[in-house]
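Two complexes come next, and they have one chain in common, chain A, joined by chain B in the first and chain C in the second.
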Partner chain A sequence: MANWKAIGGSVAVVAAVAAAGAGWWAYDTLETSRSDVADDRVTLADFKADPEAVARGEYVMRTGDCAACHTKGMGDFAGGYEIATPFGVLVSSNITPDATGIGAMTERDFFNALRQGIGQHGLLYPAMPYTAYKNLTDGDMHDLWAYMSTVPPVRNDIDETAGMRFPFNIRLAMAGWDMLFFENTGFDGDPVADRGRYIVDGGGHCSACHSPRNLLSAEVSSKYLQGGSLGTSYAPEITSNEYLGVGGQSVESIAQYLRTGTDGVAVAAGPMAEAVEHSLQYLSDEDLTAMATYLKSVPGSDAVAPPPLAADSLKQGALEYEISCSACHGPRGEGMGLLAPAFAGNAAMLAPDITNLSHALMVGGRASSTHENPTGAGMPSFAWKYTDAQMAEILDYVRNSWGNAAPPVKVEDIAKMRADSGARDKLSIPQ
Partner chain B sequence: MNRRGALFSLGAMAAAAATPVRALEMKGYPTDMSMDPAFLPRPAIHGGSFQVLTADIDRRTVTAVFDRLIPADDLGASASEAGCVEFLDMQLAGPFGEGASLYRKGPKLPNEDELAQTPQFIETPRERYATGLAALEAFAQKTEGASFADLPEPRQDAILKGMEDGTVDLGPDVNTKAFFELMLINVREGYFSDPIYGGNKDMVGWKMIGFPGARYDYRLYADRTGEDLGLEPVSLIPRD
Partner chain C sequence: MTTKRQKADVVIVGLGWSGALMAEELTRAGLNVVAIDRGAWTDTSTHTPPSVDPDELRWSQRKELLSPPRDNTATFRNTLDQTAIPTRNWGVFELGGGVGGAGFHWAGMGWRFSPWDFEVRKQTIERYGLAKAEDGELQLQDWGVTYDELEPFYDRWERIAGVSGRAGVIKGEKTGVGNPFEGSRSRDYPTPALKTLRAMELFNDATNRMGLNPFTIPTANLSEPYVNPLGVSMGACSYCGFCLYFGCGNFSKSSPQACIFPVLMRRPNFTVLTKSCVTRLTKANDGKTVTGAVYVDEQGNEVEQPADIVILTAFMMDNTRILLHSGISKPYDPRDQTGVVGRNFTFQTVSGTDMWFEDDNINPFIGAGALGSQIDDYNGDNFDHSDLDFIGGAGILTLSRDGLPIAKANALPPGTQRWGSEFKKSYAKYYRNYATIFNQGCSMPTKTGYMDLDPNFKDKFGVPLLRLTYDYAQSDRNMAKFTMDRSLEIAREMGASHVNGFNFADKPFTTAIVASDHVIGGVPMGADRPTSAVNPYLQSWDCHNLFVVGASAFPTNAGYNPTGTVGALAIRTARAIADTYVKNPGALVEG
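Moving on to the complex of A and B:
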C-alpha cells in the first residue's frame, strides 16, 4: 500500500514537472553545444574508423561496460536486456550500426545520446547512465564512436518502452526528470590528474548502483557511493568509511578485487561479478589503482560498528555455521583464498541491507570468472535446509564473530527474500 | 605432418606469441544454484498413515520383534520408541521395498545361494516381509496358540534365536534365517539412520553411541585427542 502511494505520488510529481518544465527546459538539458565538436554528416553505418582510435575506443567501451545492458543473448550490443524499474520494464536498445540499431546516427547524435540522454527516438531514460557518461571527454567519446562503427551490425528491432506504464512510456516526461536531476556539464576536473575519479564517475558509472536513489530513481548525491539497493541485490558502500566501506582496505587489495573479482576476502557475485567480468578486468593496473585510491578518499557515511551481539545468543547460529558453511568459508570465517569469500574482515557482510546475504542463502550465487581467476566458485542454495529464522541465526553469527559486529537481521527480511526469489520452502521432516 | 604444414604451424605459433593470448569470456554458463530435486533427501512422510504395514497384526509383530532386538534399557529407547516401525514402513513403500537396486530376473538355479555365497531372492523385500510376517504369526499360533506379539518376552527371544540359528523353520515359503537377518539389519538402520527418515527419533541412536551426526568435518577438533568433545549430534535437516 505504501508503495502504491509513493508511486502514485511520483506520477503526479513527474507529470507536473514535465508540464511546468516544458516551457524552458530546452535552455538547459537540450543545450547541445557540447556536441558541436562532433561531425554531423557521416552516419555510424558509413563511418570509416582509424584503427588506433578503435583500439582506444574498445578500452573506453570496457570502462563503460556497455555490454552489461546492451548484450543479452541477441548478439553483441544488440540490446534486449530487460530492466525492471519502479515504473515498468524498460528494454535496452540495439546499439550496433544496423538500421534497427544506431546505424543512422551521426557522431553528434551519438554524443547527444550518451552524454545528454537525447536519443534518436526521443529522450532516454536515466536507466541509461548518461548522468555518468556526461563526464566522458570529447576524445574518449570520439574513440568510442570509432569502436562502435566496427561492431558487426545486428538486425534486432526493439521497442524499448513497450513495458513502461503511463505516463512513463512518454519519453518527454524525462524532460522533467532531467530538469530536476541532470546537470548538463562535463567532467569538473582534470581527466588525467583525476584519473580515478574520472573513471569512477564517468565510464565506470559506479554510483549508478552504489549510491542510493530517491523515489524518482535519481541518485542521492549527499549519499554518494554509500550503498544502494538494486532489488535482488545490494551494492554496498565503497567509500573511505572503515566499518562498511573500503577505508580499511589497501589500494592494492581493492585493485586486485576489481581486476580478478576477489582480493582473497570478498568475492564479486551477482551484478558486481558481471561488472568485473565484462568491464573491470580489462582495465589497466594504473587505472584500477587510480580508482582504488580515489574510492579511499571519498567521504563516507557516519556508520560505526555497534557492540557485537552477545555470544550466548549466537550458539545455534554457530552450530549451523559449523555444519553448513565452514567447509568453504572456514571454521573461523577465513574463507578459501580466491575461491570462497572470507567473513572475517569483510565489510560488505555488515551492511544494514542484508539482501545479498539472504539472496545467497536462498538462491545461491556464482562468483565472477576472470582471466586471472577463472574458477568462479558457486554458492549453493540452502532454501531446502533452513527456515527463515535459522538463516537469521546463521547471519547473526557471521555478522558478529571474528571481529565483526552488526545489528541483528530481521526474520521478515529473509521471509520476503524467500517469497520474492521463488525459493522453495525447507523440506518438511518428521517432528 | 609434412614440412609445409610444420612451417605453417611455426608461423602460427609465432603469431600467437606476438599477440597476447586471452581465454574466451565465459558466457551463458548455468547460474541456477538451487538443489536438483532428484538429489534432495526424501524425508519420511510424517503425520500420514502406514503405507505397507497396513494390517494391525503386521505392525504388532514387527514392533514386538524390533523391541526384542533393540529393547528399551539404561542405554536408550526401544526400537519402536525410536520410530523404527515407521522407518521400515517408509522404506518398504519406496525403492528399497521394491528391490529397485536388486537383480531379480531369473533364472534362479537350485544352488544359487551357494554360488553367490549369500541367499538370493526373486521376491522384493516388501514381498519377503509380507510372507515372513504371516509365516511368523502362523508359527506362533500353531506352537503357542497366541500371537507372536502377545507371547512373553522369553518365548519371543527363544523363537527369534531359533530363527537365527536355524532351529526354527517358518516353512517352505520363507528363508527363515535370511528373514531374521533382514529384520535385524533393518532395525539397526532405522535406529541409526538420520532422523529425517523416520527412525532415530531425537537422535537417540546417535546419542547412545556418541555419533556426532551429519557434520561436514572435524578441523576444529582434530587436535583435541583423548577428551570427550561432547559434540551434540546434528541431523541432515535440523528441526525448526
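Moving on to the complex of A and C:
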C-alpha cells in the first residue's frame, strides 16, 4: 500500500537513531508473555484449522488489510510489495504457509510478530503496523492464525532487507525505535462495547496514515487522526472537527463511504481506494457504523473555517472550472452522483495540505471499484492543459465557493507536485 | 499449427453490446466465459477522458475509433449479373476499432421496435391481403418472437443503459405524453427525457399544429446521474454534442464500457482476449454441434478456443461470414430462395430534408448524440396503406445532435457560394440556422438481397470477403418518396426559408454512402426452419450449442435504430441459455 512508502522512509531514519543507541535493550518491548496463550509446537504448515475459526479469521484479515501489502502479483499473500525509502527498498514478506513464507512459524511466533514486531528473521520494521495490531484480542489472533493456515502456500523466497543500505538493513536497530515509541500493551477498552475504536485502532490501523508523524516517524498522539502526510497523498483529518473532519457528516454517510468508496460527496481514490477495495468493503454494516460513530466522537483539531477568499479574486478560476471541471463535478460543485466527487460540502478538499488535489490535477486518479459501486471512474491529468498558477486558481475557486472556505493555495506547492510527480509541462502553443 | 487453449464453458465472439450483455448474464449464472475480440482494450478513462479535446478532425472526420476499412471491407454489387468489388473506404460498415464495438462510438438512440416490426408479413396479410405482402420482389418473414415477449428484455436493456425518455404507453394506457404509437411498456424509462432544444421546439410546434404527435427520442445519453441494476454509475449529459464517432468522457453515453465492463471485468470467471480475430468455428464430427472458435492472435498465431457453448456476437457481416466460412447451415441461394445463411440483408430507406432559417438561433453546438424529436404517425403500420404503393414507413425526426463545424460547413442552402468572403458570411449565418428532418425508414428484404462468400477477394487471413448483393425494394423506394413529401410539409410549417429535400432511395443503393449504417440480416431468426438460420432464441437450427446474436438475426428492418432490439434479444438469449439450455443441452424450439 502506497501509504507505507512514507512510513518506510521514516523507518530508515529511525534505524539510524536506533543504531546509535545499540546496546540498549528494551526489556519491556521484548517481553512476550502476551503470547503465552498461543501454541508453540504446531507450525502453520501443519496446523489443521476449525472452519468456523477460519471464517472468522478471514474477517479479521479483511479488517487488518493484510493483502494490501502482502499481495503483489506473486500470488495471494506471497509478498513482494516494494516500499521505496530514501535508504533503500524494503520488500513485504511472503506470509503464506510455505517454507519460504511463514510455514515454519508456530502460533506463538505469529503472535509475537503481529503484536510485537518480533519476526522470525529478527525485529520487524514498523512499516508492518504491529503498533496497531498489538490491540488485537487473543480471540481475533487465534482466528487469524487459523485463516492463514488455509492460504495456499506459494514458493517465493524474499529477502526483505536486501535492498536496504547499511546500516538500515540491521533489524536489531528497530529495538531502539520500539524502546522509544512502542508500548507493549493490548487494547485498553472493551473490544465489544468499544467495537468502533477497537477496529479503528486495531486491525484498521487508521492512525497509521491519518495521524501525523514526528521526525522519527512515530505517530503524534496529541494529533490523533488529525491528518497525516504520505508524500504523494494526504490522509485527511477524520475526527469530530466539523470544518476539516467528519463531524459534519452523518454516521450513515461515513459508513456508506467506507463500504462503497463514496457517500455521494467524497470519492475514495489513491491509498484510501485501496483500503476500501481490499478491506473496508468487506466489513459488516454494524462494524462500519461503530467505526463511524467512534470517529465522530474523537476530539479534533482546533481548525475553523477562515473567511472565504474574495469572489473577485476567483473569476479566472471560475472560468477554468467551468471549462474543464464542471461537466463531471457540476456547475455548483455538486459532483456527479456516485461517480465524481463534489466540492461543495467536501471537508477533505479544504485541508491545508493540498497534496491530493494537486496530485489529481497533475497525475489524475482512479476512484475505488467495489462490489457495490464498481464503476471506478478516472480523473484525467490536466498537467498538459494548465500551468501551476492556473491550477492554483482553480483550486482557490473550488475551495472558496458554494459555502467552502480555505486559505489560498501556494503556487510553489503545485510546482513541487509537478516536479515530484514527473508530470509534463503545460502544452506550449506555437507563437 | 493451431494451439489449443483450455476449454471454456462459453466462448463469445465479439465483445460489443451483445457480447457484453451476454457475458454479464452468463458469468453471473456461474459459467466460465471467454470473449474474443479483434479490437484492442478501450475504456473511457484511459482512451477518451474528458480532458482530451473532442477533436472533430481526429474522431469524426478521420474516424479514429473505428476499425479501418482494410480490416472490415466487403465486396458489393446491386444485382446478380454484376461483378462485386471491395469497398475501399468507410461506408455503411462503421465498426468499432476496440472492444465495445460500435457501442463505444455510437450516437445513443435508445429505441424499441414497434409490435408491427416483428410481424410484418402476418399483419400485412391480415390488414391488406396476401398480394400486398407478396409482390414478387419482397421476401417478408416474421421474427418468431413478438414485441410482448421481448418487452421484459427491452426493459432490462433500458435499465442497464439508463435510457432517458418519456413513456407514451404504459400497461396499455396512453400517458398523454411521449410516443402514443409505441408498444405498451411495463414502466417508464429509468431516467427522464433530455431537454427540448431549439430545433426540436420548432419541430414540435409545427407537427402539433399539423395534428401530428411529436415526442422526444429516447436517448442513451443520460439526463441525470444514474446507477444501473449492475451497480454501475453513470453521469449526466452535458449537451456537449460530441457523441457520434466520439467516446463519452463523462460516462453519460451508454456503452459496454460505461454500463457493463466495470462489473464484468471484476468477475474471475470472465476472460477477454483482445486483438484476436476469429476466422472460423470448429464442428464436431457428427456436425450437430460446434466445438469452439479459431482465431488469429496479434502475433499471427492461429489458436483454438474450445467451448461447450459458442456465441457469435460479432458485427452482422462477420456473423454471416464466419458461418459461411465454417460451412455451418446451408448458404442462401437467390435463384430458388433456398438456404438460410446470408439471407434477408436489409438496410434502411432514408429520405428527408435539409432546411435553413433566416433569423433563428438553432445553436447546434448544444446537443446530444441521440437527442431530437420524432413523429411516428408515418412509421410502421401506424397509418393506412390501403391506397398506398408500399408497406411500412419511417420515423420522421429532427436532430439536436451536434454542431461539428467541419461537417456543418457543407450544410448551406443550395446556390450559396462555397468559397471566399461570401461563403464565410453565409456559413456564419447558416451554421446557427440549419436544421434537418431525417426519415429513418424501414427496409424490407428482397429475394435477391443477400450475402455470400466472394469468389475473387480474400482478407489478410486468406478468408474470402463477404459479397453483398442488394438494392432497395420498390416498396421501400415508394415509401421514401412518400415520407420525403411529409418532411417537406413539416419543414415549411416550421417556417424554414430554404427547404431542400433528399431521398437516398431514388438512386441505386451503395455501400459508399452512409444514409444510415444500420445494415442487418444474414442470419435471420424465425419460427419457420426453412426460412431462418436461428430459432426464436437465436439458437442455430443445425448446431444446438451455437447461438448467433445481433442485428444479423433481424429478418426485416424497422424505422428505428437497432441497438435496443439487439440488446433485448441478447439478454433474452442469455437467459434462455442460463435458465434452460445448460440444464438440458439441446434444441430450445422444435423445428
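As a convention for this text, the second predicted complex is superposed on the first by the 400 of 431 C-alpha atoms of A that agree within 3 Å, B and C clash if a C-alpha of one lies under 4 Å from a C-alpha of the other, contacts with A are read in each partner's own complex, and residues count from 1 in each chain.
By definition in this document, a contact is a pair of C-beta atoms (placed from the backbone, for glycine too) under 8 Å apart; a residue touches a chain by one contact, two chains touch by 3 or more.
Just so it is clear, the structure is predicted and the values come from calculations on it, not from any experiment.
For chain A, the partner touching the most residues, choosing from chain B and chain C, is B.
In the superposition on chain A, A:Thr387 makes contact with chain B only, not with chain C.
In the superposition on chain A, contact is made by A:Pro430 with chain B only, not with chain C. Of the two partner chains placed by superposition, only chain C is touched by A:Glu372; chain B is not.
Of the two partner chains placed by superposition, only chain B is touched by A:Val363; chain C is not.
In the superposed model, A:Gly337 lies in contact with chain C only, and not with chain B.
Once the two complexes are laid over each other on the shared chain, residue contacts for A:Glu322 go to chain B alone; chain C is not touched.
Counting contacts by the rule stated earlier, residues 324, 326-327, 364, 366, 369, 371, 374, 376, 378, 380-381, 384-385 of chain A appear in both its interface with chain B and its interface with chain C. Residues 22-23, 25-26, 28-29, 31-35, 40-41, 43-44, 46, 83, 86, 195-196, 198, 201, 214-217, 219-220, 232, 234-235, 237-240 of chain B touch chain A in their complex. Only residues 44-46, 49-52, 225-227, 230-236, 238, 240, 249-251, 262-263, 266 of chain C touch chain A when the two sit together in their complex. Residues 73, 277-278, 319-320, 322-324, 326-327, 331, 363-366, 369, 371, 374, 376, 378-381, 383-387, 389-390, 423-424, 426-431 of chain A touch chain B in their complex.
The touching residues of chain A, when paired with chain C in their complex, are 324, 326-328, 336-340, 364, 366, 369, 371-378, 380-382, 384-385.
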